[in-house]
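Presented below is the structure to which this report refers.
We call the chains A, B, C, D and E, going by the order they appear; numbering starts again at 1 in every chain.
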């Protein structure tokens, strides 16, 4: 187990190097750059732009810039933002809790709902419920998230005024759990919608797959009644691919959170990314890419460990 | 004796077992561990043994479908064990294989005509018209109508597919055909048809067969000589009749006694070996069979017995046969 | 196991949902007179006034936390702030040759950490601006200072290399930073000060919730007297519609910058308990013609293209008539605006005649060409700006009618305003910019022939416009100290630009702000980008 | 638990009380547009207590479907297809609800499947899997059932039962798994054990062990066994009586000695002849049955074997023959049976 | 059980028979066919030039004026014409992106799966690396890299979403290459290329086909996302995504401007999703209904 974790973490190093190289290359080779923001300032002149380019180190060859950045990362220095000169790690970490909260709550809702719908669909295959659930899931998957989000704001926040339209807290109510929950409802539902749909489909097929296995027939042949077959025999086996999915889902969640946060003004990493991308805050963008990559790697690692815990055949090698 | 068509000496196929952390090689599965065989032209050598004994690996290694780790494979006098793919090309025409599973061995997305024309396309033999003629002839040879060429494999029964598989193996007019359990997936009534077909083709075309099988009864009908494998090693080689009626190795004897016979009440006093075949990843020391052997001696656990010739064409690797 | 935990979480969550739906919604109905909540769509990323990038957004912390030497009020008058009085010829602050400027500083001003404010801070601010290691957004004006002398603790003297009237503007826009803190920093770029600022301003930064809002607490020792509310909250609502919604419900007291969407102005004006403020900005929106491209070298082409556009219609229908039409780079309300200019747009026939005359004749495919060059070009602006895209579509149609093909090629802001603009790679741009030095009519950086960055590595004359007469007038304008002289000079410049159209002005950008009726203080000021310019004065009625 | 199920009994004595299992006119017709696949076509047979009936047939003959049907193990949509009666100890299984059937499965009637590698739940210890039916049907505590599970493992010849009970299936060899399967099936000492190709996937030496084990367990527990296989040699060694299936029907049924000594149906005879045997001087060619099993569309109106039959007469193609007694206990469905 | 029974119909026939039973899939297929046809014939079907604007006629409601059957937008352009032409753009993006995705994914998947060894390790590490980026991240970063044209957006979407396909294909190839027909081809001396593209590829067609239909759906959605975030197809070219973006400001006052393109996106994505689902059921032997 320790050996496995160690090896996976070792394997993560080239992966992270790859991510950083691709990310760095894409960003720096792209036209435009952080200096464009200064162009909007009426008093700026060509000589000012040149001076700032040198201060930001953008005049150096790209490989020199990369090596400088990478050495920084190795010594725990994630660099400073171009605009504001704040440590990148601080900037990211102050946004992280909000994103994790949103992702966590959306994921919880989605897993619970999706799993229930999927299992029920698998058990009552081709029933009215199954057809409705399948159709509904496809329907949900066909909605652009932002469109659904805007509709939700329009209906629940503007017309009905049941829920706040955005933000995380009522001003001055920071720390009030009720206020937080009120603000959490709409973005959670919007983000959860698509994941629920995905999960219901995956869990349906995972259960269908398991229920056709020989050992399920064995369980039936020894007189285990349907409910116990589902819970004791099918569930642990079906959970495996779903847990693997959970690991793979991380980047997808980030993508979804990005759009959702933008719509609902949720102060998380998604908005930080959109803002940083708009301003070409390379250090922040790089930091976030590394962060999500680390999350993805950890997510997959945890999923693998969980799978090994469930399935004795899987040895962590 | 004339030079054999195929002579395999000391053939080894090893698969590495790698460590968790750095994928270092920490062990070896000796799937095939020093196998010696020879096949004369027109002869059938049967390779028998239980699952995991390495018989299929041996067969595929001879064809270089699996890379051998050591030993020599002399085919027509030339050692092909280390030939490059390009050097192998001419040998591909001279030896072919028929597989066990008639479903998996035919490409489901190709017509039978396409499957049978592939050998000619690969070796650039003839033009399209010529190839079609050849395909028709092949189909006739294995007892199928030429119209079969237009159809897809799934439209055929298992026996018919196996005929197609045989036709493909014969397309390039090989001298040696390796049959990897060619009838074990078939129903009994079909099995007889295919055995008869293969025997007929052997007689007509002068083929040599290496017949890999776990079914001793089938082997007894097709083989000229039999080699018995256990955990990567050949434990006994003998002419057909000798092996079935005068087996010397305890494993061969056990195997024979376990074969069920379609005669009610003839349930023989079995000397069925206890336990299961051990894993080839961690075979027992010395003679691999010693933990299950009724005649095991202390020596058997320490020392692997060498193969000894006990009679003409009969070799046994057992300490009981030690002088 | 994961799934069980999450189930519990969700159960708690759904119980919560039930509770909230049952809870009464009291949000935003009553006024909390202890604080003012200001909403904007963007979030400031830093609070060091020397380093700011987003004009408008970062002006808020700047105005709350810092002071400049003097400010500009809504009439365009300079009013002293940290300076005891605004230097002028009359009060002896400016020498007769206009080269020596003396500033007397207010006494008894303290930094929020209790340290006294002195001339050293002003000197340090100047030095920092000129330091090669600090990414100050602009040195415009400051680069003319030949010598900076601290006469005593409360007097500084600056000697300019040449007379430069807009020098006043340079200092009103530049807030003073504390010498005693920043001089200790190795690297001002990454100093902790940038996120924990210390200033002399009317407010202190109390807390900051990234992505959400910032809370300011009143500075009891403010040199102009303490602010009238205890708390000032700057809230970020990234979606304009959402922000407008919050201003309607009262979740925020004042919606500024971005403001009310143009199509909602009529609606917003009608709210009985809200004030709708028409807030002019210094920005003017232009079509930029790249005079360095062969199609646009001939002023007649630029003029003909401009004639063909339906400028007034674009304002009426796309900006819902909310913008004033302007014919120069100044808002029509600016003191130097040339009111004699005549709008020649919406004249397709005239445009066709002019193009024919210039030798651009329609080809077989209906597109005009001359010497094998077709009158075909691209127009770029920030991708995703719906209103500008609407304008582009209209202009495209206008030009198609006269045999000119324009292709819209919009790009993300960081691309289009990058080297694409600064190295003059565009054909045409649709762009909104404000004058170069505060609200001074000086436009040297944008249209002097020495200011073409691709040629001279300085300036921001991205359209590569060259005209010797304009150059001469620009050089003259900055030396004239009498407003009447200056008006004459700049009207002349505007007239030439109106003829030769290196950039065709469309309209002056105006924002619609919405505030509670009871909120006093927010006052439109077209001379600054800073909507909180008088934040120390804001109060509840 | 019925007394009958627990006590080992003399098969012949039990037979006097009437059969344990009576299958009557079992039919499974599956619509496979545009055809109807008559997968099981009016199958009837009886099985006495403590007896082993071999059900033999080639692939596609319907033997496995018959077994799954009488266990009521078909999944939807197939579950709706079967007709006929399956009377076990006086109860028609076809009329039971799934819950009622669940109470019977594993207790009165159990099943062992062909694939030992996939038939055990990979994420449950072997011990738990054996204990499960005992907890469910016999009301044992988990602790008791686990102890009994170890006993069962010892009974099926597993050398280190305590260790194996705690092990997961993937650590066991094929033979060991099949033993564990048998332990599960016999845990509640069922009256009937259905064994569907229990040794087909195993090596020949292990097959011999498992067949011996089944025989030993039958002596110990007294269960009747329905042994389904394609291998006549396995039948010869294990069964008391044999039923031969071809294309969904039973074509011949007889005591094992009688069938092997004097098969009356041409198909049975052909089948027996085509089995290769170890002989000193084998014939140069094996006797073969020409042609192949007909597909669902090609199944003739009369005897399904007629097209391949050397003794076929015109009426064979016209009308399917009934399964009629030709000698005591020996029935065959043939218009023109072989001589006895 | 009945496997030996030789089926008289062809494989395609059986697939079609299974597919036909899937009524939603059939409906999806029909919707897709209709959409493709309407996009193909958009210039003929559209009553107006989609870029022709007349602000005097803006915000006409649908069904109010037969000149503008579905009303007009904020610049007075005909919504129906824009929907039809927008469909052309969105579907082009979807199809081009799908082809890019499938070709890249299949090629890498086959190469990794069949060649194994170092090639496999390197390629799959590359896939892992790409998977570490949330797709929207990559998409936006790359979108900032190239000017947003129809082709570049399609390629960008395609090149950022092939990883899943390559994993599917690789898994399929790993399974297939152990099959004896591949060994047979090798025994005959077939070259690697022949084995990869003639023997293996056609057998991996089913999952590729399914992935392809689903990729069209996700690419259409993706285009609307990046349009929403301001990096999409540029005006005056109408795409459903940018129609939606433009309609954002009129969400509460002129809702049909947002509802119509939103519905078009949903319809398209659903059509392709149902089609893909039906194909999956029809092509995946494990989910067969027949015994």
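Assume a residue touches a chain if its C-beta (ideal position, glycine included) is under 8 Å from a C-beta of that chain, and two chains touch if they have at least 3 such contacts.
What you see is a predicted model, and the numbers here were worked out from it, not measured in a lab.
Engineer: Which chain's centre, taken as the mean of its Cα atoms, is farthest from the centre of subunit B?
Structural biologist: C
Engineer: In terms of C-beta pairs in contact, which of B-D and C-E ranks higher?
Structural biologist: Between the chain pairs B-D and C-E, B-D carries more contacts.
Engineer: Distance from the CA centroid of subunit A to that of subunit E, rounded to the nearest Å?
Structural biologist: 23
Engineer: Rounded to a whole Å, what is the gap between the Cα centroids of subunit A and subunit D?
Structural biologist: Roughly 53 Å separates the two chain centres.
Engineer: Using mean C-alpha positions as chain centres, tell me how far subunit B is from subunit E in Å, no decimals.
Structural biologist: Here the centre of subunit E sits 48 Å away from the centre of subunit B.
Engineer: Two-or-more-chain contact residues of subunit D, please, as numbers and ranges.
Structural biologist: Touching at least two other chains: 59, 292-293.
Engineer: At which residue positions does subunit B touch at least two other chains?
Structural biologist: Within subunit B, residues 157-158 contact more than one other chain.
Engineer: I need the residues of subunit E touching at least two other chains; which ones are they?
Structural biologist: As it turns out, subunit E has residues touching two or more other chains at 4, 6-8, 144, 229, 248, 251.
Engineer: Show me the residue ranges of subunit E that touch subunit C in the complex, using the header's touch definition.
Structural biologist: Residues 51-53, 55-56, 58, 74-75, 143-144, 147-148, 229-232, 234-236, 245-246, 248-251, 253.
Engineer: Under the stated contact criterion, what part of subunit E meets subunit B in this complex?
Structural biologist: Contact set of subunit E toward subunit B: 4, 6-8, 10-11, 179-181, 183-191, 194, 199, 202-203, 205.
Engineer: Under the stated contact criterion, what part of subunit A meets subunit D in this complex?
Structural biologist: Residue list for subunit A touching subunit D: 125, 212-215, 217-226, 228, 232-233, 236-237, 310-313.
Engineer: Name, in rising order, each residue of subunit D that touches subunit A in their complex.
Structural biologist: 71, 73, 75-76, 98-99, 102-107, 110-111, 113, 115, 118-124, 129, 132-133, 136-137, 168, 170-171, 181, 184-185, 187
Engineer: Provide the residue numbers of subunit D that touch subunit B in the complex, in ascending order.
Structural biologist: My answer: residues 58-59, 173-176, 203-209, 211-212, 230-237, 256-257, 260-261, 270-272, 274-280, 282, 284-290, 292-293.
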